[in-house]
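Have a look at the structure that comes next, please.
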Amino acid sequence: MDPTAQIVNVLQALTVLLLAPLIAGISARAKAWTESRRGPSVFQPYRDLAKYLRKETLIPTGASRLFVGAPLVAFGAYLLIAVVVPIITPYPIPFAATVDFLGGGLLFGLAGTLTVLAALDAGSNYTALGASRSVSFAALGEPTLIIVFFAVAVITGTNNPYVTNNLLASSTAAYLSPTHLLVTAAFFLLLLAETGKLPVESAGLMELGMLEDGRAFEHSGPLLGITRWNGWLKQFLLYSVFLNVFLLPWGMVSTPTVGGALENLVLLFGKLLLLVAIVVLLEATIAKVRLFKFRDFLALSFSLAVLSVFVYAVLGVP
Amino acid sequence: MLASEEVVALVGVGILLTALYLQAESFVAPLIPTVALQSLLLAFLLGWLAWTERSVDLAIVAGLIVAIRAVVIPWVLRRQIRAFRWKVRELHAAHRVTGHALAAVALAVIGWFVFQETLAPAFPSPAAALPFVLLLQGLLMLATRSNSLVQVIGYLELENAIVYAAALFASEFPLFIEVVVFLDVLGVVLVGIILSIQRDVTGTLEEGQEEALSG
Amino acid sequence: MIPSAPTAALFVLLAAPASGAVLALVPHPRVSEWIARLAALASLGAALVLLVTSATGQWGSYLGLDPLSDLFLVMVTSIYATSTWYSRRYLRTVARPFLTISTYYALLASFAFAMVATLVVSDLGLMWIGIEATTIASALLVVLERKPTSVEAAWRYTIIASAGLTIALFALILLYGATGTLNAFSLAAHPPAVSLPIEMAVVLALVGYGTKVGLFPMHTWLPDAHSEAPSPVSAMFSGVLLPTALYAFLRVYRILPSPVPAAVSDLVLSFGLLTALVAAFLLQRQRSYKRLLAYSSMEVMGLAVAGVAIGGIALYGVLLLLVAHAFAKSSAFYCAGNVLRETGTVRIDEVRDLRHRLPWTGAAWVLSGLGVTGAPPFGTFLGELLIIVGAIATGNIAAASVIVVAVLVAFLGLNSQIGRMVFGSREGAVAGSDAPPASERGMAVAYLNIGVALVLGVASLPYLSSAIRAAVSVLGGSAP
């Protein structure tokens, strides 16, 4: 029962919880800057959360306990993922043994499924629309996520994201192998799709892609706050996993002290800013694809993921 | 420095990616530089093998591929696109991008398994399945597309697969024969273009005419 | 130094169609016609010389002859000559030709040159190049009449044939990788040990060359190309191109030592039988008489491939069938060209009572229909009979019965349709005007060819019979 490890564990969970809205706020502000607007303050999401906590909760007639419980369970799932994947440590923290990488993917799926069920439970046309759309695209998105995790397993021989992180950080051959490059590309495309960025969905007042936002239409008050927070957590977690496991696994300090963890936190923040900049630039240069072509986008991501595993089988190059 | 086998493997993966793109893309114009890129990658591979095996024949073949398949044929094809603007996109392929991409990937996996079952003992090199997979991708393109220029590009992909196979399986394939094969392929492409022009001029088949060619 | 007769003949054989292809491009139609005819006759003469002297041997590292190629050469050049002769009448009937007359003759000559070249080379790679060149030359010939259906048919032909031949090239690469040489003669003389790449190469060559031969399921181009091409070109397709593609496959198949591994020969046999059956049954549904003839060619090719797989005495039957069928089918296509010219339609139910309208054509057509489907005493009957006998001799009763069924079904289907066209009485639904009696002077070649088929059946030509024997021994079969 190592106290340092426990502190780092709690620190990681708090990092995820507290930094997620900040990253969302920075993202929104940067996007506004590319549109020649001043945009909201980077701390606006916190103010939004505080506002939601003060508002009253309205529940549609006919909604069951699922409607209330789903955002909370999803929140718990994301929190669990937060202590399972490498965020501020390159070594496993005590809770990391709960689930492996594949389990993390399944937890993402759990959160998504519950949100969709709650949307259907709400009985509104908009939420049903959002639910049906997101599920029909998840049919291609979820297999891609699973295969991405398989590709990771194939590279290292284990399903442990920490091992992958160490391997990719130490071996250039593994980093430059076609398997890894393809799976990084596939995961990046999936990332854009899951977090609702262009060319998939344009979050904002003008567009009604109704994928992410549609599902949360009927929630109000604190539940809406939790739902929004879930969205930010998902984005933060996907970004962190992408950065620490696939794209930029380098630079993490491996001394098991709180100081080391704090250094890694600063490093992570820097990497996240870089990724936010890349995504925002991408969004500024690309147009939204039509809804029925979204499936083609996901099919491409799926193909790249399958090809990465195939390439490993064909070439035997890790 | 990367080992020779790794270079061959990496270039092979690049070629496979171009094949996936060729299958999935529904606009006709981007396919031409893609098949030129595929030919260039192949020429690079041949040049690399020529360097490591000190083979002048392979170098000549690589140069010919660059000249004929990366320069001349794409130039001829691009002129056809300009001449018939309304052929710029294949409409029913636009609806089937997902299906085509998934079919390409599925065919790659199946092709690899078939190769493993039948020919792998004879060709143990790790990248040996890729020419066969590329061959299947070319056949898939011919089978699923109906725009004549796209089918010509699919045929070029097939021929690239053949040169790739010759480079990996039979590295001293007689140069004379390879050169004449290239000229033959050029001939087929030219005839294909003549026919596709005629096809565009006379238009698509009417109901009764289609019936005359069925059964 | 006076070159020996075979060498001189070989030179003429190659030079005549090649120079014909080039010289026929002179803009003057009559001159072009005569150049083409001369070239064809010269190559026929050279081929006959080679056959008579039973030329064997290799010239340099790329040219080579043996009795099998001598036999095929005579077949190819004969049909080439008769088609060139018939073309003059036919070309007059085409309204808006895609090609000028000179270009047509030049392409026809280059088509023939490509096939002749395939037959005289000893290198499998060059054989492949020859067959690929035939696609290039013939695709433009198919488009002669500039109809939308012709263009579509030519396009399908080009794409499918080229794709199939690419698979055959893959087979050649495997073969070269496994054996280190592509010389068909040395490979046949010293067969390499059977290994997996070689078996795969033969199978892929079956699929690849089988596309050009018209085997099921790669046959989809065949009915379209045959029905849309002008009749002399269709005659060359059926009588010459298909057997030449089969010849290329035979050279690859010959690399396997006898007895051929059962897996491979069973595969070849099933392809052949399936082709014959499918063609025989699809024959029944045809409404165009040219497609009817096309499916009949497909059926005969299926039987030939099955015979190759059966081996032994069936090989004699295969070669006899191929040669006799070439003559009979070309005769049928010439008649079809005449009928088309006079009635203006390709639909069977719109053609009636040829017996009175075109008596000579009708008679020739009945004869060639019988000849093509294997009625005695034509050569095709003997060929098919020998294949069946060969199947029974090897104990493969199932194959023999399938062949019998296919032959019967095709016989009934084709001849009933032809009979309806020739003997059926007019019921008013006949296209074509009541023009003055049609000219039948193009029928000379048709009668010539069907006569040859008849004579083959009687097998009274000692030279041809012994030539077939020698060719059979090349393939490792036995003669009756």
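Letters A, B and C mark the chains in the order given here, with residues in each chain numbered from 1 onward.
The working rule: a contact is a pair of C-beta atoms (placed from the backbone, for glycine too) under 8 Å apart; a residue touches a chain by one contact, two chains touch by 3 or more.
Note that the coordinates shown come from a computational prediction; the quantities given were computed from them, not determined experimentally.
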item: Geometric centre: closest chain by C-alpha means; value: B
item: Leading chain pair when contacts are tallied as C-beta pairs; value: B-C
item: Distance from the mean Cα position of subunit B to that of subunit A, given in whole angstrom; value: 38
item: Centre-to-centre distance between subunit C and subunit A (centres being mean Cα positions), rounded to whole Å; value: 66
item: Interchain centroid distance [CA atoms averaged], subunit B/subunit C, Å; value: 31
item: Footprint of subunit C on subunit B - complex, ascending; value: 118-119, 121-123, 132, 135, 138-139, 142, 148, 151, 155, 158-159, 161-162, 165-166, 169-170, 172-174, 177, 180-181, 184, 187-188, 191-192, 194-196, 198-199, 202-206, 209, 212-213, 215
item: Subunit A partner contacts - residues on subunit B that touch it in the complex; value: 6, 9-10, 12-13, 16-17, 20, 24, 97-98, 101-102, 104-105, 108-109, 112, 126-127, 129-130, 133
item: Touching residues on subunit C, where the partner in the complex is subunit B; value: 98, 123, 125-126, 128-129, 132-133, 135-136, 139-140, 143, 146-149, 151-156, 158-159, 162-163, 166-167, 169-170, 173-174, 176-178, 180, 182, 195-197, 200, 223-224, 227-228, 282, 285-288, 291
item: Complex contact set, residues of subunit A against subunit B; value: 140, 178, 182, 293, 295-296, 298-300, 302-303, 306-307, 310-311, 313-317
